[in-house]
Structure formats: structure tokens, C-alpha cells
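In the part that follows, the structures are each spelled out as C-alpha cells.
Shared between the two complexes below is subunit A, which has subunit B as its partner in the first and subunit C in the second.
Right after this comes the complex of A and B.
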């Protein structure tokens, strides 16, 4: 994850480079280090370095890293010719390299020739079955072709070995949600909460999934996770506030017939509603009317 | 010992400087040879997986209170049940590292290569120094030392009357052998410095057994008391909202 100071530094540097203030190489290094996706800028500034023989040779061995970075950025921007040229240069320099082979696979993928890309990746995997990037490429290829269930299958296989990779768990969770397999998604979000217990995003997503699943127990749990999201974000998360309101009314509806004593605090709901009203008043006064109507309909 | 020993300048030119230069050159040569012989290691999927299992189990142990009790219990069973739990290592399978080393010829080969690149040049240079330069007083350090340093600095000279600040050639060899690390890291780059002492440490700690850490993690997981933290969060959220509204 990119921290705030790093992001401001990146933006400052980007601004400087855009306005011709130099420091393009530093910018590209920072992009690579933070793993952010700013392909257009990378393509533009990277090419300006690569096309200038003096600047290029000043980089020394880092030159090849730059070629790789620009090639990937070019594929992202669909400038396949540029990518092809970069890869050709790299091929010449490192004819046996797996890293270049990976780039080649990605180029095939960008062209949309799935079968060839698949062949390239699987031949690479034979040599090094533990290459995480190639595994991930295959998964994203299945996803790009719209074959979600195969992507899930591949991802499961990947996670069997690399089970501490939380990014992969997150991807799996989102794929499950897109197929409406909420129970599986809930499991993945639990895994994410375990690996990073203080990220409110995961608490929120988990609560959403539980709320969608329904049932008294799930609703109560969802409410708790919405509450924890509020706590972790300092009450700034609108979705969590709405979630509290919805959960309370849904719980009331479910437990209406059973005549169970309502020990859940309705206070939290009224507090959330007030917080919402205050927030709307500040930021979108014209929609306040809509909000009050919606909240009223929830109460009945 | 009133009068100083006068060292011939020829000793400086023909013993001290050649010895140091040869030591540096041998160090560099050894670095390149070991680089040539290093075989790229293909990691074993099983070992990678074990490492990942440990990370995940540790996460579970650390953040157990953030997931509902049911989820925690099912995960704990998944990790540590006695049939096919991920952390459970059957008794018979705990092969010790020594046996594993002998069963895998590659590993033994690697060890041998490392050993060869370390021991052969060392014995050769030591023999060379002994043959040509034994018995020289090669240098004098500019400060006095106590008698205890005699065995360190005057290896090869059995005279108790010589002042300790004189260094014999064989001791100069040893000082170079262990003291050139800083110079190598300057010449070859930070990580590339060949350090014999460190390598020896690695050798002794070689027999690391991952199944032991699996077992330790399992024991840790078994004694975790699960206490769901989320009910507390409701009250905290109320407090946060109250503050926000005010």
C-alpha cells in the first residue's frame, strides 16, 4: 500500500517532470518502487530517456530495467509496437531469460492471442513452477476472457501454495462476490482481516457480504463489523453508517415474530442516522430530503 | 629491550607488501570462482508452502480476536487437526536434516563446492606463506601491546624477548585473512564480500529443520484463547459517533 507521504512525493515529482523540470529517472524509479500504475506517464517519460542515447547509456545496467518497465507500460496503453521494440532489444541482450519470456507472454496476451500466451506461460512454468508472477498472469488471463470460474480454480490452486499472499485472497474474494458465492467470499474476507486486522476496507467488505447473506446471526455479525469500520475510520465512512441503519432495521424485521427481547442497542442506529444527516447537511444539502425519507422508511 | 629492532626495508618490499597483495588477489579470485560454481537453486515447493503456512498460522494467532468464533474454530481445526492438518507433522516423517542432506546429492554437492572454494585456497596460501616467509618479523605496529597478544601477533617466532608490537609474517597472514572483509566489500560491493568467519557460522547452523517450527506454531495455535473483540467495537463506535455529532 502507498502511504500518504509517498504519494505526495510521487505527485510532486510527476508534476516536476511534466513541466520539464527533469528528474524523470527518479520518477520512474519511484513508480517502480511503489508499484503504482501510471502507464501513460511512464511510457512518455521512459521513452524520452530511451530515445536519447546519451541519457540511456548513463543509466548503466539499469537501462534494461527501464526497457522492461516501458514495455509493460506500453502494453497497458495498447502501444504494442513500442512494447514489441523494447522486448526485441531485451531478447537480444538476454536470449535465455525467463523474465523476457514472461514479457513475451504478456505481449501475446495484450494482442489477445490467448492460446499462444497460455502456451508460452505453461512452458515457462515447466521450468520454474514457483514463479508467482506467471501464475498470476494466467489467472488474470482467465479473468480477462470472462472465464471467472476457471480463474477461481486457478487462484485456489495458487493459494494452496502461496497462502500468505493477501492480494490473491482479495482477488479471490472479489471474484466470488461477482459470482454471488457469498459464503466463499466471506471466508476470503476473514482471511484478509486476519492478515491485516486494522484495514477498515476489509471489515466493511466483510460486513457487506454478511448482510447480503442474511439471517439473524449474520446480520448481527455484519452490524458488529460495520461498527468496527466506523471505529477504524473515525465515523467518516458513509457506507458503514448506512450499513448500521440497514442492519438494525433488518434485524428488527427478522426477529419481529419471535418476540425476542431486543438487546441490540438501537442507540447505535440513531447515532448513525444523526451522523449521516449531519454529513449530508455539510456536503450535499440538496439530497438531505432524500436521506430523511429513506431513513424514515427504514424505521417502519 | 631498550634498543629497537631495525627492520630491513627489503622485508617490507619482499614480504609485507607481496603478502598483502596476494591475499587481496586471492580473495577476489575466490569470489569469482565461487560465483562461477554457484548453481541456481530451485526452491522446493514443499518448503515454500511450509513457510507460507507458518506465516498464515501466525496471522491467525495474532488476529484471532477479529473474526467470529465459529470461523476461528474451523480454521484452527484446519491447521492443527491430527489427521491432515497443515501444521501437523506425523512422527515418522520428521527426517533429520543430516539424513536429508545425504539423500539429496545436489545439496551435498553444493556443500562440497562451497567447502572447496574455501578450504583449498586457504591451505595453499598457508603452505606458501609458511614455506617462503616463515620466521620473518614483517612489521611493527605503532603502539605497545600486552603479553597476551604475543600468540596473536608473533605466531611462528618463539622468542619471548621480542617486543609484542612486532608482527611476524605468519601472523600478518592471519590478520589479512580475517581482516580484509571491509576492503572486499569496497571492491566487490556490499553483499559480495566473502567472509570466512560468517560462512563458518552458516555451516554450523546448517541443519535447520522446518518441521520443528511447524510443530511450535501448532502448539502456539492450540493454546490460543479466542475472545471475540468485535462486541467491544460497538461501544467504541458509539463513542466515536457521539463525539462526531457533537
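Right after this comes the complex of A and C.
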């Protein structure tokens, strides 16, 4: 998960490097730190450093990290020859390395030789059964072959060991959502909210899943979580504001026959609508009319 | 529904969808097709514009509902309606219309029975300049 400031900084650096302004190494380090997937840029700029012997020696021991980074980026862009060359260099320098063994496994994956990659990973796991990256590669392989249920099974086993891996919980939630297993996705988000209660993203995602599940109770809980998202983000989250409007109208529809739930909903709905209109006025004034009409059609 | 339906897609609509899919080449993407029935020939549906929707968590309801409401409002005032759905799968070799895509397109068909469902053909997209097209999967009759 990358914050907005980090993302702007990254984009700024990327623009600078793309337009010949230097700073390629800084860019590559930032990409590595934030763990974002910008393989084409990494490949281009990484290779420009690696192919220039002066720049390469200026890196010192970091040169090998760059080889690894470029190898992975090359595999992502299907430039398997580049990847193979980088891995060869690394194998010469670190002959018995497990880290290079992992890269070899990834190369087999990139070629589509799933069985061989699985063999490579299993043997690596025998030596180091707690290597998180290899576990995750196996899950990715299952996902890449379209076997989502196996990916979910493997991911569940992984989470039994590494319970604190938040990104893994998020991945599991998204896998469940893609299979429309919303109850299980809700469980994942609950775990995330329990361990990191101040991250608004999880509240928002949880509310979305609850709304999708439907039913009066879920809708009411979803409304509460949209409200907590707004609380945690200081009122700036547009999706949560919309979510409140949707929930109010959905709750009204569901409880048409029953007269109990009239208490705070209209106030909440009008507060959310006002906040949305203010936001649109500031950031997209030409769409304000569209927003008002959409909100009105929701109210009916 | 014995008549042969023809669909005409405008360059604008087509390009927007494909570019969006290319930008988010590591995830599934989807979009809505907008247009109208040709006033001269009711067996021809013109797809005049498109709106690309999401590139993550396509199966969640709230963003989809809001998007559909706003799309209908905006294009309704221009005389266009929702005439179809576009989907591009995450994996290169996945040529099936998944559950999510089927559900969404079924929903659209309920409102517009002649709705078109377009699935991006990744292999054709790979053959870069020419031959880049989608394999239309007609959904009218389910």
C-alpha cells in the first residue's frame, strides 16, 4: 500500500528520469522500497545503468541488487533473455545462493514451465521452509494457472503460519471477492481491521463487501463502517460518502414494510450529500449538476 | 429474437476501452458501452461511446451502482443509453466470460435486451498494429 505523497514523489521522479533529467538510481531504489510494479520503466532505466560500465561500478555492492531487480522486471515484461543474462551474472557471483535459486524458479514460471518451477520451489522450501517469498511464488503460480481455489487454499495455509502478513490478508480478500465469496472476504477484512484499526482502506473495503452481501443488518453495519472511514479520513473519502448515500437508500428500500428504522438515517444522508456537493464544487464544478441529479435519483 | 442484430462500434468507444485495458495490463478491467438503436434500422445497435470502470475489485457492488447511476444520468441527457458491457480478463489465456462478467451483463440485458457483451481477445491484442480486436460474445438470449 502506497500513500499519496509517496506516489506523487515516485511519479515525479519517474517523469524526471523519463525526460533525461537523471536520478535513475534514486528512482529504482524508491520503486524497490515501495514495492510497486513498474516493470517497463525499471527494465529501461535499470538496463541503462547496467549496460554502462562506469555507472555500474559506481554502484559498488548495490550492483547485485540492481541485477536482481532488473531480472524480475524483465520477467514481468517477458524479456526472458535479459532476465537470463542477469541471473547468469548473479549465479557466477553467488554460486550457492538461495536467493538466486528463487530467481531461477521465477524464470521457469515466466517461461510457463509450471511443473519444473514447482519442483525448484519445493526443493528450496526443504532447505528453508519459512521462506515467505517462495510460499508466495507458489500461490502466484496457482493464480497464474487460473486455479483460484488452490491459490486460496495455499494462501490460507500460508496465513496460518504468517498471520501478521497484511498484504496477504488483502490478497486473500480480493481472491474471495473475485469468486464472489463475500462472507469469506468479509472475514479477511475483519482480521485486518482488528490488527490495524486505524487504516481507513480496510474499513472502506469491509463496508463495500457488506453492502454487496446485502440484507438489512449488513447494510446497517456497512453504513457504520462507511461512517468510520469518513471519520478516519477527516471527511475526504468520496467513496465512503457515496457509500453512505447508497446505504441509506438501500436500507429504506429493504425496510419499506417495517416502520422502525427512521431515526438518524435522513440526517446522515443529507450530511453526506452536502459534503459530496461541497467536494465536487471544489474539485469538479462542471460535474456538480450530474452529482445532484444522481443523488436525487438515489433518494427515490 | 430471430432477426440478426448488427452492432456498430465507434472508434472512440473502442479505443478508450482498449487503452484502459493496456494501461492496467496486470488486472482485469471492465467498462460500459453506451449508444442507441439506429433510428432508421432497428436491427442495428450503434455503440457510440464507452466508459471504462474499474481495474481492481470488479465484483464489489457499491462502486458499480454509483457508476451506473451517474453514467445513466450523464448520457441519458445526451440521448444515449447503456447498450452493453466490456470485460477484459486478468490472465492472458483466459477466454471465458467469468461469473462476475456474466452477472453484470445479465443485469444489463435485463434493462436492454439487445445488449452487447464484448470480451477482449488478449491474443489478438498481442498482435500489435493490425488484427487487434475483440471477439464479441453475444449475450441476448440467456
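Convention: the second predicted complex is superposed on the first by the 242 of 300 C-alpha atoms of A that agree within 3 Å, B and C clash if a C-alpha of one lies under 4 Å from a C-alpha of the other, contacts with A are read in each partner's own complex, and residues count from 1 in each chain.
The rule we apply is simple: contacts are C-beta pairs under 8 Å (C-beta built on N, C-alpha and C of every residue); 3 or more make two chains touch, one makes a residue touch a chain.
The model shown is predicted, which means the values in this text are computed figures rather than measured ones.
So in the superposed three-chain picture, is A:130 touching just subunit B, just subunit C, both, or none of them (first/second/both/neither)?
The answer is first: A:130 touches subunit B but not subunit C.
Just to be sure I read the superposition right, which of the two partners does A:27 touch: subunit B = first, subunit C = second, or both, or neither?
In the superposition, A:27 contacts neither subunit B nor subunit C.
Contacts for A:212 in the overlay, against subunit B (first) and subunit C (second): which applies, first, second, both or neither?
In the superposition, A:212 touches subunit C alone.
Identify the partner contact of A:67: answer first if only subunit B is touched, second if only subunit C is, both if each is, neither if none is.
Once the two structures are laid over each other on A, A:67 reaches no partner at all.
With both complexes overlaid on chain A, does A:228 touch subunit B (first), subunit C (second), both or neither?
So A:228 only meets subunit B here.
One more residue to check, A:37. First (subunit B), second (subunit C), both or neither?
The answer is second: A:37 touches subunit C but not subunit B.
Looking only at subunit A, is it subunit B or subunit C that touches more of its residues?
Of the two chains, more subunit A residues are contacted by B.
Quick one: classify A:298 as touching subunit B (first), subunit C (second), both or neither.
second
Go through subunit A and flag every residue that touches subunit B in one model and subunit C in the other.
none
Once bound in the complex, which stretches of subunit B touch subunit A?
42-43, 45, 48-49, 52-53, 55-56, 59-60, 62-64, 66-68, 71, 75, 230-231, 233-234, 236-238, 240-245
Which residues of subunit A touch subunit B in their complex?
Against subunit B, subunit A makes touches at 128-130, 160-165, 187, 190, 193-195, 197, 221, 223-225, 227-228, 230-231, 234-235, 244, 265, 267-268, 271-272, 274-275, 278.
In their shared complex, at which residues does subunit A touch subunit C?
Interface residues on subunit A, with respect to subunit C: 37, 144, 146, 174, 177-180, 205, 207-209, 211-212, 239, 242-243, 246, 290-291, 293-294, 297-298.
Can you list the residues on subunit C that touch subunit A in the complex?
Answer in residue numbers: 26, 28, 56-63, 65-66, 69-70, 73-74, 91, 93-94, 99-100, 103.
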